[in-house]
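The structure appears right after this line, and notes come after that.
A, B and C are the chain letters, set down in written order, and residue numbers restart from 1 in every chain.
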Amino acid sequence: MLKNITLGQYYPVDSPVHRLDPRVKILLAIAMIVAVFLVKTLAGYALILLFVFLVSKLAKVPFKLLVKGLKPLRFILILTFLLNLFFTNPADSDALVSWSFIRISTAGLHQAIFFSLRLIFLVLATSLLTLTTSPIQLSDGMELLLSPLKVIHFPAHELAMMMSIALRFIPTLLEETDKIMKAQMARGADFESGNLIKRAKAMVPLLVPLFVSAFRRAGDLAMAMEARCYHGGKGRTRLRVLKLTVDDALAGMAVAALIMLIIAERTLFPGGIVIGRFSL
Amino acid sequence: MSEAYRILAEDVSYTYEESPSPVLKKVSLRVKPGEFVAVLGHNGSGKSTLAKLLNGLYIPTEGKVTVCGMDTTDEDRIWDIRRSAGMIFQNPDNQIVATVVREDVAFGLENLGVPHDEMLARIDKALAAVRMTDYAEHAPHTLSGGQKQRVAIAGILAMAPLCLIADEATAMLDPSGRAEVLGTVRRLNREEGISVIWITHFMEEAVQADRVVVISDGEIAMEGTPREIFTRVEEMRRLNLDVPQMAALAAELRAAGMPLPEGIMTVEEMTEEVCARLCPSN
Amino acid sequence: MRKAMSIELRHLSHVYAPGTAFSSVALNDISLTVHDGDFLALVGHTGCGKSTLVQHLNGLLKPTDGQVLVDGEDLNGDKVDRRKLRMRIGLVFQYPEYQLFEETVAKDIAFGPKNMGLSAEEIDSRVRWAMEKVHLNYDKLAEKSPFELSGGQMRRVAIAGVLAMQPDYLILDEPTAGLDPHGRDRILGIVKDLHEGGTTVVMVSHSMDDVAQLATRVAVLSHGTLKAEGTPREIFRQREMMAEVGLGVPAASSLCAALRARGVDLPDDLYTREELKDHLLRLWKEVSGC
């Protein structure tokens, strides 16, 4: 069950998207997230979906894998949807359902759909970034983007290193989680039944060993890094030298075009394409 | 470098901060260029602590450690010391930093500030030396334990060390992984003249060393060639250690009256000695 | 009359991630029975499917094909209480000390019995019993944190945690991995005592010398298939097959083969140090004429 998280899992193939400069990819992912928030209509989201789909094709990343990354977030998604559905109730919006104290308004449904979609695309955009960018590249990119802030003692290198290590250990810890879970199940632990409190309690035999192990690994790793002469970012050189290429410029233009299209669509059809009571 | 000893530990004691008694007591160790020294000892004997003292990860509470002539208390040269005495650890997972093999091999070089072009050449050479060239672009977690350890060795090799300290580097591997890692290190020892300190509790591995040092309760309990050490079966057992199967069998046969020479460790040696006494043709 | 006890694997196959690009066959048509009173050693190269097989014995994985029958009952059948059945089959994972989580040793060992819904007295007596079985002093250690113990002790606590459920079958996945010789001998001694006390044991091991010492039966896995099965004597005389699957044979068995090749008159199926010693001494006495 935990194996499905693709967020932070590099998909190692060679593609034009993989070869892009990580700095560019980080900035473009941010731009895409901005674009997601600019969208006001379903047609706009369809546009982004198409774009994500095309990028995944170009990156040789199976679209299914991308979508699978959403699965662990399904509860948050459902919660977001339901909260917005029930608790967005402006008086000026007409009610779709009205039964005793429950009232679902058109505005509520609209908001529920749009908030959920935003969340989905937020994850898709970041997944695209992390699937096509190795963690080291990612941290290099972050570090370089943030390095001007070193002047004000912002720990750009340290943060990048922390992130890259965290990402390196995700598969290891997932494997470990699976193993501990099975070991406790062999001792009769039950992770699947009971109410919420019982289930939360059942997690203790899983979480304690997991944390103990993570701390042990952290200690080992720190020792190994020191033994390999790690002493912070000072005087460090890099295996990956980042150089901007024509492809980076093209990618930038593609995302710019996407944002333009979204803005254009927003301006041309401010109310969306209206069908019945809904606007698309 | 022309030092007589690559690693020189003199009367080294070490006490952990939170502990009342020392884990190592007046331990001395000399490792010559190209020498392969196996360190044996039961869990908690202090052998891991010793390893960490030998490249300046720990600083002795008493005594002195020098690596290629550099004192480990010399803070200005600590990176030079660690580069010269590279270390591989027990858990293959917990020493790989990067998510791609090639990038992990680069880690030490990046830390040392090696220029980019030189880095590429050194990585290729190091990966070739451990026969992992084909895996350069692989993710570490997809490799076997033995392969991971070879990547870790490549990461050390890239830094052009003069010594390699392996702290139970095969403890978590299966027999073929163990053979693959020890074989790699032995080859590097022979071909590149890298001195090796091989900490282990597999007696069959220690058989292949030039010299064996046995540590017990923080002190050196025995020292000698593998042949000398593994003949002392009873003494080894008292130290909660073992001897190779053939050494044990030889001792049992000797005790029962069969006149076998001392120092038998392998099946081949045993075959020769037994045949010399039993074979119809002789 | 009690049913004949056994765990029976019938044409068991397991495919990981079936139908995807990552799909891989871990087990292919394995039929194997663990009989009451067996000490079955499961040997094979890393990646041969041993760990997958072990998880099937405990119902932690569902077969892609085939069945696992515990005392005749299908472990994956619809009406079966899998949790209850699972508790009769104690499974000790590799590096089991990594599953410890409680504040005290006693509480950690009590986790399994507690999940079985036993009474407080019964749990307490089982904790004491299990600690004794693994040579841990109850008075000294029961109230200590498991994380303060040495590695070897932690492993024994973890094994006690499984034993406290008093399973009929005990399955151990490389119980001695990473231990020093003393710790290894201790664990093997504990397992041996348990087997002699009537527990049916299945042990995954990489050490043919350990297998030679303990097992009554050996199953050899290679690339997800059952390559051979039989008594240690039957298995360890097939030296070429064992080399082929990357395992080798006990040192005594290698020596036996090497000596026979040089014309020494020995039976071809010796595999323990003890019996080889006896034969060599017998020959020596003949040659030396006493």
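Criterion: a contact is a pair of C-beta atoms (placed from the backbone, for glycine too) under 8 Å apart; a residue touches a chain by one contact, two chains touch by 3 or more.
Everything numeric in this text was worked out from a predicted model, so none of it was measured.
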Return the chains shared as contacts by chain B and chain C, ordered by label.
A
Using the touch rule from the top, work out which pair, A-C or A-B, shares more C-beta pairs.
A-B
If every chain is reduced to the average of its C-alpha atoms, which one ends up farthest from chain B?
A
Rounded to the nearest whole Å, what is the centre-to-centre distance of chain B and chain C, using the mean of the C-alpha atoms as each centre?
30
Between chain A and chain B, what's the gap in Å when you average each chain's C-alpha atoms?
43
Please list all residues of chain B that touch 2 or more other chains.
none
Write out the stretch or stretches of chain B touching chain C in their complex.
42-44, 90, 144-145, 171-172, 174-177, 201, 203, 240-242, 244-246, 248-249, 252-253, 256-258, 267-268, 270-271, 274-275, 277-281
Residues on chain C engaged by chain A in the complex (per definition of touch):
21, 55, 58, 60, 83, 86-87, 90-91, 93, 96, 98-102, 111-112, 115-116, 147, 161-162, 165
In the complex formed with chain C, which residues of chain A make contact?
62, 176, 179-180, 182-190, 204-205, 207-209, 212-213
Taking the complex as given, what residues does chain C use to touch chain B?
45-47, 150-152, 177-183, 206-207, 209, 246-248, 250-252, 254-255, 258-259, 262-264, 273, 276-277, 280-281, 283-284, 287
Taking the complex as given, what residues does chain A use to touch chain B?
10, 12, 134-136, 164-165, 167-168, 171-172, 175, 216-217, 220-221, 223-231, 235-241
